[in-house]
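One chain, subunit A, links the two complexes that follow: it is found with subunit B in the first and with subunit C in the second.
Showing the complex of A and B:
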């Protein structure tokens, strides 16, 4: 198992290198970083262009530029940014925004997974009952609602509530600029700001996952070994938890890991709606400003997250399913 | 509908035997499955008694309701199934009991072995763990004690190096070994009745005999009575004391093994015997197939369900479905209007040896040649590479 984990980790390295190279090429050939400069009136003198070309390493061949970038990244230098006249440290900014976004993603994923498992089990056990129909309806409701719309709906609803019911739900930003001293005040402020975006992000994943868990649970419940477990005279609870749920959850691990990429995409939209200064906004601003190295930094992080989650899923599989051997 | 629970214990069951010492008493058991096309009447009134240490064989082709009957006895049918009649274990009515009340009977008094050993065991737990779990479900014992007993049980069912093997997962066992493990689970709590639902059907022919021996061991070790469901008449002949032949959801003949094999009184039974290859028969005897297929169990027409395939069919057969009636003795019952006509008849007297469905007419010559090979008419020299075998 340990040998497999190490081998699997080593295989990840070439995958990361290849993915960074592809990402770099895609960004390089997707547009002209100086386009914003060219449309300026009056047109800046050629020296300005030359300065920028040099600053963004556009005077180097592509392969050299890639090498320059990737070795920089290894040393913590993510390349120059247009922001702040080129003074912005992308690595520093990235670290801060990563923490902000991770808060949201982790909270949403944990809530979505717990809800999806509970609802999946209840739906499967009481198939075609009123709770099952209710969960099926809400599941498909959230599945068919586009996230950008649902998030706006939540936000507007909260604003309406704040105005009419006297609540103080945070609808903008990841934290208040003016918050009292003390860890507790900071914590409650952060939680308050988390509520709405977490609901928005969790519900989209929950909808798909609960349907998946319901189907997986139904399949296991009708299997021969569940019948044998019942024939052994085990209690209903034991059959359900130790035999059915334990096996039904194995494929869920893959689904969660594969959905990680989709959740990263959904985070961009959620952060935009709630105006968080997280990873999502970082990418959108980078694209708007043609800030090549910001976009590259985001894509690099996204690729790493997806690779790490797949690695975790692979390792978890070995723990959960004895049929899978890594020798 | 459990109105028939009022059966007084001295009344005779429909198989012609008194119920006085019955261990398991199934009375007029019916099962229907609602589907979009209508209710499928999978079991239409099955009654039998099982006495201590007795082996009852239930035979019939696929879809005759053999498995559904035993699932209904164990209470393992899906909730949508409509079950009526009565299933009594000693003095307790089992039909209509809650899942938790049934759990006290399952494993402890009534154990079951299923058809497919490949999928009967949970893939994520070790074999030993799963046997120990069955023990701990009914007995207050420590995990270590249960595991020790599990290893003993594995040894009893003939698993070599049981102590190591107990820590294996089901996928590390062969099909035959898995079925032995399932038998060990069934034996675990010394049940009074073991229901074996086609225990050898999914297994390799070479393993079947070993698993049947293991079943016999299980029976002797636990002293349990057994319901052995199979479509293999050979298995029944070797194992059972009594035989119940099912067709279209109903018993059509019940009797001792000798009754069924030597004096069958229902054309279907005779047809089954005629389609059984026998090594002891002379080489001139051919197998006699039963032409056609069983009827759909939705909207079954009136009359005997076997009538469309029956060689001695009369007009009354299409009108009235025969009841089980005593034939050669009070305990040998058959459901046929003309059972006395079968006296002294062999399958070849009633059934045609050729396939009347007119399939494969162009292969006739070839199959005749194969017949000669089978009958040993061709000399060994004519077979390529022959003479060595």
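Showing the complex of A and C:
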């Protein structure tokens, strides 16, 4: 198991190096960071261009720039930003926004996974029953519903509720600017702001995952060893939990990890609708402002998150599946 | 000749699966066979021992699909939406860019979907948006399927080092969120005039790895089949085997992937347009219309709901078609009898 873990860890190192390099080339060749400056009226003097060219390391060859960037990142320096005349510390901002977005992503993934497992099991146990048809239909519906549309609908629905039913659901932002002192007040405020975006973000993943869990549960339930376990006289519950669910959940672990990139993409849209100051809006502002090092930092974090999640999934796979563990 | 051989075996495989069902329907074109005809028949088809017209795999698949009610309804809905967008859009008496004299009016006979605050007819706008979204989605599905199928078939067929390298490249692609990379590339490099084509190209470039994974998986199992071995024994080149034997036999899973991809591409494009990095004004797409309508959910709900419903109807019908195709292509399924 340990050897397997170490081997997997070693494989991810070249993947991280290559993906950061690809990310760098992608951003470098996708646009001119000084384009906004060029269209400024009156046109700034050449010294200004020279200054920015130097600041953004545009006067260096690409490989050297990459080297400067990646060594800087290792030391916590993510490069210069155009924001605030180059005074914004990307690393600092990134840390703050990462925590904000991580709350959302983790909450949504946990809820989606729990719901998907429960619905998958119920659907598979009672195949072609009314609940199964209902879950299947809602699954397809959520799978086909654009996230942004659903999110706007949730937001407007909450505003309507707030006005007519006297609730106080937070519809905008990740936290209130005016919140009482104390950890508890901060906590409830954060949870209140989390409710709607979490529902929106969990929806898409839930739809795909519940379909997947249903299919794998059905496959497991019809296999011989389940029939054997029942024939041996084990209780339904024990067969379901110990024998069927455990086996059915193994591929689900991989699917959640594979979906990580898509979830990060969905987070961008969710944050945009609910106007969160998280990673998603950080990226979108970065693209609009041609803030190359912000975009780079975002892609780097995204790639790292995906790679780490896949690594965890592989290790979990080893824990759950004895055939891999003893290989 | 090779392909016929492969096809024959394929038929035999399909026939074995539904043996019992076929004997029920006896239509016997080969019954009065005599003399030379019988001999020829035996030489050409030694495995034909029943006087039953054999159903090819494809006729079975299409029969199963035609009997899949939900899939068939979805298919007609999808065709109706396509016709409405491309034919209806050009027949409708308002243009998506043209102004009318009605500002923010609710849906009526004159304006079935109402008008917005600058007096555009929403029906014309939604049809135009549907056109754009469908064009992009179909382009993405076709291009990424073509690339992904070729790539996956080559990787799976040759295995070994080339397969490892090719699949690591795919893994790399899959570590990046499609929406994010499309937003970066789409905003910076895209020519302003033909924006939609550029978005389609970017999305296709980012989605083909998903197809290639599926195709590679299927290819890995197909390459071990006897008819591949037979083709190789007859001296077929690798290129010929891939083009004539591997690709035709992975088409089932690929078709399912393509349908799902159309739905995914519609959702990706509309999301991209919604966050402001996809189709831009003066052109329009369903995502852009939802974006414009999001502040009017309560005051002028038609601006928000109609484009949203169109996205859902398109994606839902495609997903159901894909589900029906998956059932129809699955030889082990018994729900819908052929």
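Keep this in mind: the second predicted complex is superposed on the first by the 324 of 327 C-alpha atoms of A that agree within 3 Å, B and C clash if a C-alpha of one lies under 4 Å from a C-alpha of the other, contacts with A are read in each partner's own complex, and residues count from 1 in each chain.
Rule of thumb we're sticking to: a contact is a pair of C-beta atoms (placed from the backbone, for glycine too) under 8 Å apart; a residue touches a chain by one contact, two chains touch by 3 or more.
Predicted model, so just to flag it, every value in this text is computed and none were measured.
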| item | value |
| --- | --- |
| Superposed partners subunit B and subunit C on subunit A - clash or fit | fit |
| Subunit B versus subunit C as contact partner of A:88, first or second or both or neither | neither |
| Touched partner set for A:140, first subunit B, second subunit C, both or neither | second |
| First, second, both or neither for A:311, with subunit B first and subunit C second | neither |
| Greater subunit A contact set [subunit C / subunit B] | C |
| Contacts of A:225 with subunit B and subunit C, given as first, second, both or neither | first |
| Cα-centre angle that subunit B and subunit C span when viewed from subunit A, reported as a multiple of 10 degrees | 60 |
| Distance in angstrom between the closest Cα atoms of subunit C and subunit B, superposition on A | 6 |
| Residues of subunit A at both interfaces, subunit B in one complex, subunit C in the other | none |
| For the subunit A and subunit C complex, residues of the former touching the latter | 15, 18-19, 22-23, 26-27, 30-31, 140-141, 143-149, 152-153, 156, 160, 258, 261-262, 264-266, 268-269, 272-273, 283-284, 287-288, 290, 295, 298-299, 302-303, 306-307 |
| Residues of subunit A touching subunit B in the complex | 223-225, 227-236, 238, 243, 246-247, 250, 320-323 |
| Contacting residues of subunit B [partner subunit A, same complex] | 74, 76, 99-100, 103-108, 111-112, 114, 116, 119-124, 133-134, 137-138, 169, 171, 182, 185, 188-189 |
| Subunit C residues within the subunit A interface of the complex | 168, 171-172, 174-181, 183-185, 187-189, 263, 267, 270-271, 274-277, 287, 290-291, 294, 297-298, 304, 308, 311-312, 315-316, 318-320, 323 |
